[in-house]
Amino acid sequence: MSSTSTAAPADSAEAHGHGHDHHHDPTLAHHFDSHEQQFDAGKLGIWVFLVTEILFFSGLFCAYAIWRANHPEVFHYAHHYLDTKWGAINTVVLLVSSLTAAWAVRSAQLGDQKGLQRNLLITILCAFGFMGIKTIEYTAKYHHGTLPGANFHPHADSMILIEDGEFVGVAKDVARQELAAMYPDMPAEGELTAGQEEAVHLYSAKLVEQADPVPDSVPVFFSIYFFMTGLHGVHVVAGIFAIFWVYLRARRGEFTKKYFGAVDYVALYWHLVDLIWIYLFPLLYLIS
Amino acid sequence: MSDSHAHDDHGLAHTMSPQMLIGIWAALIALTGITVWTANMHLAPFDLVIAIVIATVKALLVALFFMHLLYDRPFNGLVFMLSFVFAGVFVAFAMFDTGRNQTAILARQDAAPIVEAWRADIAAGSTEAETEHLRGLIDGSIEASHGHGHGDGEHGDEAAH
Amino acid sequence: MSSTTTATPTTTQPHQSAPEENYLNCSSGFLSWFFTLDHKRIGIMYLVAIFAAFGLGGFFALALRTELAQAGQDIMDMNVYNQMFTLHGAIMVFLVIIPSIPAALGNFVLPIMLGAKDVAFPRLNLFSFHLYVVGAIFFVLTLMGGGLDTGWTFYTPYSTGHTDTMVTTAVLGAFILGFSSIFTGINFMVTIHKMRPQGMGFFNMPLFLWGMYATAVIQVLATPVLGITLLMLAIERNFGLGIFDPALGGDPVLFQHFFWFYSHPAVYIMILPGMAVISEIISVFSRKHIFGYKFIAISSIAIALFGFFVWGHHMFTSGQSTAMSTIFSAITFSVAVPSAIKIFNWMTTMYKGEIILKAPMVWALGFLWLFGIGGLTGLFLGTMNTDVYYHDTYFVVAHFHYVMVGGTLWAFFGGIYYWWPKITGKMYEEKPAIIASLVSLVGFNVLFFPQFFLGNMGMPRRYADYLPKYEFWHLVSTIGAYILLAGLLMVLWNLIRSLTSGGKAPQNPWGANTLEWHTPSPPPHTNFEADPPYAGDPYALDHWAWDPETQSYVHIAASEQELARVEGHDAL
Amino acid sequence: MLTHITAALASTLATVQDASQELTPGPHLFPDQASTTAAETDNVYLFIFWLCALAFVIIVAGTGYFVWKYRAREGHKAEKTATHDNVLEVTWTVIPTLLFGVMFWVGMKGYVGLKQAPADAYPIQVTAQKWNWKFTYPNGAESPELHVPVGRPVKLTMTSIDVLHSLFVPAFRVKQDVVPGRYTTLWFDAKDGVLKEGQDMVEYDLFCTEYCGEQHSAMITKVFVHEDESFAAWAEETANFIQNEPAYVAGQKQFLISGCNACHAVTDEAGTGPGLLQLSQLIKGGGSVDVTIGGAQQSVPADDNYLRESILNASAAIKVGYTNQMPLFQGQLSEEQLGVLMIYIKSLADENYRAESTLSQLEGGGEVEGTETDTDQGE
């Protein structure tokens, strides 16, 4: 094609062959001149794609920024419902997967098939781990009734108590302690009878009434939380499929030192997913 | 091509050394620890700034090394940067405007019916919470009314806090 | 075929007559089209799909105009009217104008202009076409399953809580079409960056490519925001997200920010490709090198970038803060400058030229006039206090139809006529083509110019019924609609005639020097029979001379590098 | 096409006058300049219009001339001219830029003027809902049309109880979206000139210009500009109509004020909502209505309670064959207003409700209640 016959000496050897032998090279698409052109095209392509991803998420970050700027009280109250521990663990999990993804690229570049497959596998496992933890968090939210927007109906037991602006704790736990203090029959920890359960529930409802009123539009915090983490989760799942696809190709030994674009591109995508989480974590979990 | 042939010397792309990979990764983990730690120090009003700064440092590490931007064609980096510029403009303009209109908007904040709804809901839950009733329930002299509206004890251990 | 073989008519002759294999006849069957990776076939499929969508949207338009011919509810009630103007807008914007030039003509021409065998990512290219089809299907479902009455802008809270029409389906459709557009953008951007032939730096590219590039930049940077906005809208509607709905403490004006951050740049997704086509046609049919190449090229990029900072001029009366409105108004005028620059450069290109009034040029001149009106009337809307008066009146309706239809659609038809011989290998009949263009021109102005008057009289848009005092101009407008219909039908008839009984098109009927004219019409499957020729100055029209024998232009001045090249090639 | 455009242009050029005069119906077809700010807007329009006319003539004449002068013909070849000329480029970059700068400036000055209401402006509350306007005046008067005193700045504080609307008075050259969940404001000053000799009132159109659903195009009403005394009198009378008029007559007014007529005919003709005559008859004859309550269809007695509920919260029981379109009137109607409204609807079929005595007579001119609940609309 075009550049070939007048190409710079560097790739003239390849250019010379053009039109004859590139059909023999299955790893070079017919419309490209050289592996370098093919790789660069793919690389620019994936970068531009990442750009669209950033702008895709920007809408959510915009919503977040506006709500946090205009209703900080909502965020200061509602972030207590999130579990920093899980958030931090997930961050680490993603960082590990990022490392292995980057390492997978290195292995591919060096033609180390075993290492490539190993790294890809670890990356996938981490991705599953991440989703697993997300599931735990989501289930908790579901049981507490802290769902987004119109579906936000928190149960008294699991509401956060704030008194004089100070974080007191989760209603259920506080209730149990106070009841235990008042009634000898109430065990401070361990199993509870159905009756004790109900007592705790009724008492937490009382506590919630006495605590500072919950700020308006708290439901929106959970809208934003679920939308941001949810969309990110969708990207993680997509990543799992992409990496698995690359893994299968790696097992078939399709990648060579000259042809490892797919690995690199998928890794770049995966790093972006990590990168977005790097911001989501402090923005949602670490509000003081 | 305008931006090509920058790296012919080392194959198709730059290769990261294991030391670098591990090093960067360790740095990222450390920064994660730091950001959690600072968050617990309640450095308001700087907490947000600090968190963002740390996050940005982490993002830079990932982009420059894990994503090879430092060694990649400059144009790819430029493209990537561009996305933040435009996202920034979008967020900034939108924030500036809504910020200016808050007074007008807040005038009606109390109109969020849902909040009202579940507040009433909860208040109802506690009406007959008299001491006697509680004691009865606890020592078992009163039967637990099964299927009360809000019970979710069995999931208590997942409580976010 | 490489241009050197055209050096003398004699060698051209047998070639012209020989039934050579080309991308059209190299394989056959529905699947060989629907799953092809060939950018040329994909372009044609887009063309067909877009024409179909245009027919549907046009039908709605006629129905609307007929209803409005006189005051009162004549042929449809208010609900039906609201659904029709909504679907007319949504279909014309998302299924017709946005993909028209880039997806259809761009797909066909762009790689050949680059002397490439295909776009950088042929599979992605096919995928965006399939996405387009799926998106279209969603729109049809919307149509079947209860319609849509939110207006194509989907403003909250009406769209989220106050209509029981198929908002979610429509929104998903637009979401999918958005991604179709994004992938096309990525593809073109990369293709232009990485697949330019040797000797074609950015500033040796044909201006059409500059336009496509600028368009791609917008598609890539703006469309994702449309995606997330529509997603938020769908979730807001179905799960009470609470960002846009005031009942949940949200802010409807924020939605307008989100929406216009995409939808204003989208206006330039629509018009930049049009300008790109015109830049080619004007130069070729004036037989002159384009004037002010660099300024036209840069102004495209300038429009693309400035276009991102002006969305707020759609919101001067929305409750947006005065400060923000002022900033937006100021930047808005900065976008007007590059457009002015283009117009002046095109006019100067015609100066002292040899102007050949063939169909493409007639459409191009129509573009200059109609886009002139469209652009100029935009000034009244960028100016703040006049916009307060005109916002959401028929003045706006007239303005953007002059830009979208008079601009983009005119350029689209100009482009279709210009590349028709290359695409189909058939010539069309010149006289009927020109008449069709002129009839459309008259019809268009009878249709939309009166709407400026209606705007001045304060007639609000999106009205199913109106006060009697507006009746006269509405009637005139409706008459114009039918004249325009006649014109467009003549165009269709003319093009079909050419397919059935058009003469064989020569390789280069217009004497243009961009690479697509250096290969047979229609091009072979791999675009060029041998390596494509050296890409010289795309506007060096004097390399071609009219040859009455073959009724086509032949290459007379093969440039130095080219000869060198060919010798080198033979040596191999 | 040239002929058409130039004709349209010519007709406009021909008869343009100084904008400070009224432009009605005039070459540009503007409505009266009925507000103090209208003239400025029109002047800005004219300024831009002339520049555009000039630019357009340059484009059409230029291209037209070139097409004719340089048309392809025997013995005419394209001349090789310069392919670029920076001086030219700079010229046609700078000149438009400067002109645009001026446009921006004058436009902004006008806009800022439109945004800053004078301190002494007469305040009116506007509540928009599908598909009617309600204007509430400081003395508690309410009306479906806008009544304003002449020659005095008026400030509208507007909000919507459902979707976006937009208040547009062409004659005043003002427009402002009405946004649910927040207050937007708009001011104008109906200038003295609009009242001709001997006139004490003049009317203009008022449109909704933000698409708001089925009857968007029916969300039209009038602005009445009164001469001072007649305005005062009108406001006084309107504030107390419930006291001073027979209940069913007052009810009829309330029916219009609350915009019931937008969806309900007082015959049996079905609109967006059912016609009310039949209901009135049912109530008189003690019949029953088929409704859907929470998805379940059932038949409820057509009595005062049903009528009351249907007005305050129609969604509770939707009449079979209709969709849930009716806005919530709970908390929007005082007991007096609701009372007369029900009497009016019942009077449609039942003569007995057409008593001529008025509340104030019954209460012995007792003081007006309910006006409080009237004024705290949407605060």
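A, B, C and D label the chains in the order they appear, each numbered from 1.
One rule holds in what follows: contacts are C-beta pairs under 8 Å (C-beta built on N, C-alpha and C of every residue); 3 or more make two chains touch, one makes a residue touch a chain.
Computed from a prediction, not measured in an experiment: that's the story for all the values here.
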item	value
Pair exhibiting more inter-chain C-beta contacts, A-B or B-D	A-B
Centroid spacing, where centroids are CA-atom means, of chain A and chain B in whole angstrom	10
For chain B paired with chain D, centre-to-centre distance based on mean C-alpha positions, whole Å	44
Centroid distance [mean C-alpha coordinates] between chain C and chain B, Å	41
Whole-Å separation of chain centres (CA-atom averages), chain A against chain D	49
Contacts with 2+ other chains: residues of chain D	181-182, 184
Of all residues in chain C, the ones touching two or more other chains	193-194, 196, 221, 225, 240, 246-251, 253-254, 258, 319
Set of chain B residues in contact with two or more other chains	4, 75, 82-83, 86, 90, 94, 98, 101, 104-105, 108-109, 111-112, 114
Chain pairs that touch, as defined at the top of this document	A-B, A-C, B-C, B-D, C-D
Chain B to chain D touching residues, read off their complex	101, 104-105, 107-108, 111
Chain D to chain C touching residues, read off their complex	1-2, 4-5, 8, 28-31, 37, 40-41, 44-45, 48-49, 51-52, 55-56, 59-60, 62-63, 66-67, 70-72, 76-85, 88-89, 92-93, 96-97, 100-101, 103-104, 106-115, 130, 162-164, 166, 168, 170-171, 173-177, 179-182, 184, 205, 207-218, 220, 323
Touching residues on chain D, where the partner in the complex is chain B	159, 181-184
Of chain B, residues touching chain C in the complex	1-4, 75, 82-83, 86, 89-90, 93-94, 96-98, 100-101, 104-105, 108-109, 111-114
Residue numbers on chain A that touch chain B, as the complex places them	8, 10, 35-36, 39-40, 43-44, 47-48, 50-52, 54-55, 58-59, 61-62, 65-66, 69-70, 80-84, 88, 91-92, 95-96, 98-99, 101-103, 105-106, 109-110, 136-137, 139-141, 143-144, 146, 149-150, 152-160, 169-170, 172-173, 179, 183, 185-186, 192-203, 205-206, 208-209, 213-214, 216-219, 257-258, 260, 264, 267-268, 271, 274-275, 278-279, 281-283, 286-288
